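Quick one: this structure, given as structure tokens, is what I'll be asking you about.
Letters A, B, C and D name the chains as they come in the text, with residue numbers starting at 1 for each one.
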């Protein structure tokens, strides 16, 4: 295997597609949002990226193994063509993050992507009832435009910057001429957070724009609400069942 | 030394050999199983693989040092020719794991191996009286075939995927056209587990197939049973001798 | 992106410029000192250095992202031309530190720099009322010269040597024929320390020489004094406001 | 700087020299032993090895900085010519250890070294009154020969093998045709141990052979005895002075 090994599974013609990234991160907000798009639309796997910079492992689903990878899907039945990047892993080393992001941008460029949205969570340290969407972008026009959709741009947030592929899609993307923005849903940082994923998606939906239903994400959010309720009970002395706990990410 | 340095000690003609991997891991199940094959059959060391991706160390046995390596042995007195990979180390870094596995597959290909079995343990967190063998494979046919030998393929196990050379032999092996499967014996995760190694070997024996005795492995399993018994006594206040404790891996 | 990617924003003619480095470190002394020079003089950004050896992240300021980088500024309105290096990051891996420092020295050489000052803090473990400036240098003449400005050269300090870009600017700089010295202000090691930055700058001011005002640094030092006072009160049971705590680095 | 940068300070003709390695490690036994040779004999610095695999730092002695390095000294006034390797650092990464050791062996080969002794400590976990010297070697003849000098070769010691440059000098040295042995003095593992360094040196002295005085090492051993005595008093409630504690490594 080379440093990066890309399976080219399909190369559909896309019309001015938007790259949407949702890899694992805080509260799995980005990944939940990206996966929701894959469920709601008719998504076609177009690229699978393998790399020695991913952790040395396979995932296993019902016995079938899958080498660590990031996947890119094309969605053509939304109001605007989308290229959705998701997967189970970030890179395992610093230079690997840079090189993986460049590889992703290479693929994006090959599909004539001009605009990039990185999705993620921003940790608040406590449970949030009505999560805001905090933004970051490579250009002032992008900031002004996203403010009209309710995105908040705050003086010193996120305090530690944006780390990993999400951050580098903006940092390296800007250098290559992409318009790039990051949408981060407020989330506690302790739990998988479908509610935060929903507000991020609603913002993205308005910005791109496209239209999508939220039934399955709402169900997952309600499940999490139930879990949180039981955790609070647990803190007060009641023991939850194992079933309740398997949603805790 | 180059990144990989392979001592080619012998290159016997093998007839459709199966690669069997047993490197250190959970409960030392894979390594115990592989070493049992080397003891029971007439094994010939054919390759010794050195690499700067192994930990920077030598092992010492009765004063003689041996540079960190992985070893491949040919077994030709079993019902089917076997190529057994074992050693004391996994790679020390992520890309090293990928490259080491590719190197192993290169050697396997040079012996015309088509089928690969990675052996290991799957941690249960508690002592297991009758360990099951959990499987993973690169193809549905392989899964169906192994199910007939009692291998269990579970929905979300192993939860964290398969890490290290075992996992990559499947992940990278599949990309190169090998049929590959992983057999994992249930084991507590806290102790060296010859009993789990035995059930893994029994499954492998049926699948490959070949026939092997289990006397020495049974002895080691009985020794471990005695150790476990004493640990339980220890938990109840009795102190075991140092001799008892040296089997704890 | 290559291993290092340098934006050449401007290449003014400098007359025998001195390289002054102030990257993040103990008490942020070096960074505070370097930033003070950029505020007090008319500084022109001449180079921005990006590298896959920096952490994989962007910083965010009021929503605008900036890819991890080190910056070099030219100052031509001081008594002597200065080239000031600052930024938010050190390299993320050992070889990266060496290569980043070589890259910085390449840029310095391209501006005909002959003399290098690395600025930083030396931790004392306790609050220091009148911080001394401890020095290190590549040549005995440099040591003698700096002693005339009150710099202390101590037998075994800093005990662990000088780590990171500051240390390597001396170590690698010496090999390339630069005169290089490190000025380290005593600081507790627990707090951002503008007072220590000031004494370092005052020493540098005498050594280079140049003249600079200290009003803004004095204000920040006074703010920190107030914070320290409140911390001491806090230790005695009084709770400070959140506002007081945001200066703690 | 290249990956390795070697300063060739002198290249004296040596007659069948023995390479003796004493880098930092358990109880600083190897380093103390190597430094004792440099003090007792007329040692000439012949090579200084720099590398980006060393930690990114300079050491500072009375203000003068020295880039991280390993040093090789030639000793020609002993009964047999010696090439002594010492320094303040091991490599900072796994492959770096392999490459550093190859570089050292390259230098050794250029001086026609055929025999290598790596010196170090073997931790016992408790204070040892009469430390034994435990050995490891690349060949049975070497083991037999060293046994005549009282070196002990034990079944499973050192249990974790020999890590770092010492181990690789044997592992890689053997592959390149060097005769190599490691002499490890028993030591608690908690303290700098000149007594253990002395017994290692006495063994080496008999094996090479050469003759050396031990006055300075005996003094340091006595100082340590005093420290240990005070630590024991401290455990019984008496507080030692700071002076007493500065020998604790």
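Here is the rule we go by: a residue touches a chain if its C-beta (ideal position, glycine included) is under 8 Å from a C-beta of that chain, and two chains touch if they have at least 3 such contacts.
Just so we're on the same page, UniProt names per chain: A, B, C, D = PAC2 family protein.
Just so we're clear, the structure is a prediction, and the values are computed from it rather than from any experiment.
Farthest from chain A (PAC2 family protein) in terms of Cα centroid separation is D. Between the CA-based centres of chain B (PAC2 family protein) and chain C (PAC2 family protein) the separation comes to 52 Å, rounded to the whole angstrom.
Averaging C-alpha coordinates per chain places the centre of chain A (PAC2 family protein) 37 Å away from that of chain C (PAC2 family protein). Residue positions of chain C (PAC2 family protein) in touch with at least two other chains are not found. Contact topology of the protein chains: cyclic, one closed ring where each chain has exactly two touching partners. Of all possible chain pairs, the ones that touch are A-B, A-C, B-D, C-D. Looking at the complex, you find that chain B (PAC2 family protein) touches chain A (PAC2 family protein) at residues 91, 94-95, 97-99, 101-102, 135-140, 143, 153-158, 160-165, 167-168, 170-172, 174-175, 182. Interface of chain B (PAC2 family protein) with chain D (PAC2 family protein) (complex): residues 1, 5, 50, 52-68, 92-93, 96.
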